[in-house]
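Below you'll find the structures, each written out as structure tokens.
Each of the two complexes below includes subunit A, the first together with subunit B, the second together with subunit C.
Let's look at the complex of A and B:
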């Protein structure tokens, strides 16, 4: 929890959230839609499990490295949208946008996973897909490295 | 008012602005290929493809003949329980525990489904809802006199012209009607009517008759879209449901206690 403030960024206000097609359980009971996250880090682990896929990233903070864990949709949902087992390789630099767990831990619900090299946005299949209205739109706040 | 409730109401308002609540949206765009049929002329409910079940989070928004804001005719206890479920972000939803959706909710739950049509029975297999299936007896049998309650109950089906009518009794009380927290009793009796007006759409209707929880029968309806050539995938909900470990009861204690062997 050291770098939360550094990592947090306010996202566009006025986004519409609604109960939605890939929610497995109550989103509102676990995550706080008001605690928005916008974090850059390096993927250290990916778990292709049901009912949610998880991945972890290491984030450089002011006082060292923090580990953040993120929940996405289930593998079937992600793979229908073009994900493969290799999409999020260990060592990949990503930008994750989402919301934080209610308990304040370094856990979150990923709504957009952006590959930092290309600024490609991957559908994260979460309970707040409406977060990204136009998935083909240019990713704000990301400059391709290549 | 809980955040979830606010969000639900907002979502409902958006839906209401674009569609009429009383009837499912008529399909006005896209192809309308004639209804496929088996060799004997019976409607073919599947073929090579899958049905993209819509996620119906609140059945009240799909009630036939209802106005916006209407609720099913709940009895005082079922209304109180529904309000309680909503007040705590529907965190005790059994489907969130990877338990089966049961009943009509199975036709409005995330992930697609397929029909397997045999001479004496029809199976509906679901990718979601815990990777479960329903079995509908088509051999003319009747319900047993005293049914042991189960998640999906005992289903018998028949064709009325081109409409498949599924009659089900014997539900247990371990499921909710919908994600929104509407409940039912073990007296629930459902009559589902399924048609395939053209290849690309399945029209679904379910009448819920439950004198244990509702003062009158009520009917919901929606359309289900077909994806040609697509296939079901793996979805084993119980694999790693961290929600079960995290969930706390109203007093802050773990909801699921360890069970002790007898």
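Let's look at the complex of A and C:
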């Protein structure tokens, strides 16, 4: 009886946390710090999930529209950096600075997100260990639209 | 006793799946193209919300968003009709929702009318 209950409890816990475990990984395993990205687009989707928050943007390319997906830090880490759930509303124009996935796909790890309307920069809680969040650094390559 | 505990764990395990339900099939962020009869392609984004079955939303959400003036769904045929007063003229999108159980490949496909212009559209949920 006790063994069965313990097995049930373990199975349930495994089911509940498997998605979180799969989503957690080292930066270097997935992203290439040498592949710098500086890319502008419009937010189409945001997922506030643990252990990482994700968002997607549409980017006008030479041959149509590309969809890029970006990983950020945890929701809690972002909120400590000034983010709210409304910061990246659908349709927000952003400039994303970060690094690309090792496989060359349209996925990346965001170091900072710049809101194009105001040129407000928000650090994205990257798991890249050697990235320094320098609040005093100028926000370059952005002209406020409002 | 044992069966009650087993049911408890089963409910706990299934709760993760229940959290994943998203509600109204039209609700969400959609991206796609309008293709006019002459072949001109216009990229559009739609943001549709649901308030107790009453649909509303915006075309191209963001700084230049245009509020949808009317959104109706015929659930019997999954036909979604969207009216919006675009700067280029009033537009009516009439199409069917499909792949309703899909997270990433839910479709909204149909035809549009904008003034005398007509064409097709094809949206996918983001």
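We adopt the following convention: the second predicted complex is superposed on the first by the 113 of 146 C-alpha atoms of A that agree within 3 Å, B and C clash if a C-alpha of one lies under 4 Å from a C-alpha of the other, contacts with A are read in each partner's own complex, and residues count from 1 in each chain.
Everything below uses one rule, namely that a residue touches a chain if its C-beta (ideal position, glycine included) is under 8 Å from a C-beta of that chain, and two chains touch if they have at least 3 such contacts.
Predicted, not measured: the structure shown is a model, and the values here were computed from it.
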Query: After superposition on the shared chain, which partner residues are touched by A:29: those of subunit B (first), subunit C (second), both, or neither?
result: first
Task: Determine, under the contact definition given at the top, whether A:118 touches first (subunit B), second (subunit C), both, or neither.
output: neither
- prompt: Touch check for A:80: first (subunit B), second (subunit C), both, or neither?
  reply: first
Touched partner set for A:105, first subunit B, second subunit C, both or neither: neither
Query: Touching A:44, do we find subunit B (first), subunit C (second), both, or neither?
result: second
- line: Dual-contact residues of subunit A, meaning touching subunit B and subunit C, are 16, 19
Message: Per the contact definition, I'd like the list of subunit A residues that touch subunit C in the complex.
response: 1, 4-5, 8-9, 11-12, 15-16, 19, 42, 44-45, 56, 58, 65, 67, 89-93, 117, 145
- line: Residue set of subunit C touching subunit A in the complex reads 2, 5-6, 9, 12-13, 16, 29, 31, 43, 45, 47, 58, 60-63, 65, 126
- line: In their shared complex, subunit B is touched by residues of subunit A numbered 16-30, 33, 47, 49-52, 74-77, 79-80
Query: Which bits of subunit B are touching subunit A when the two form their complex?
result: 2-4, 7-8, 10-11, 14, 54-55, 57-58, 88-91, 93, 95-98, 110-111, 127, 179, 233-243, 246-247
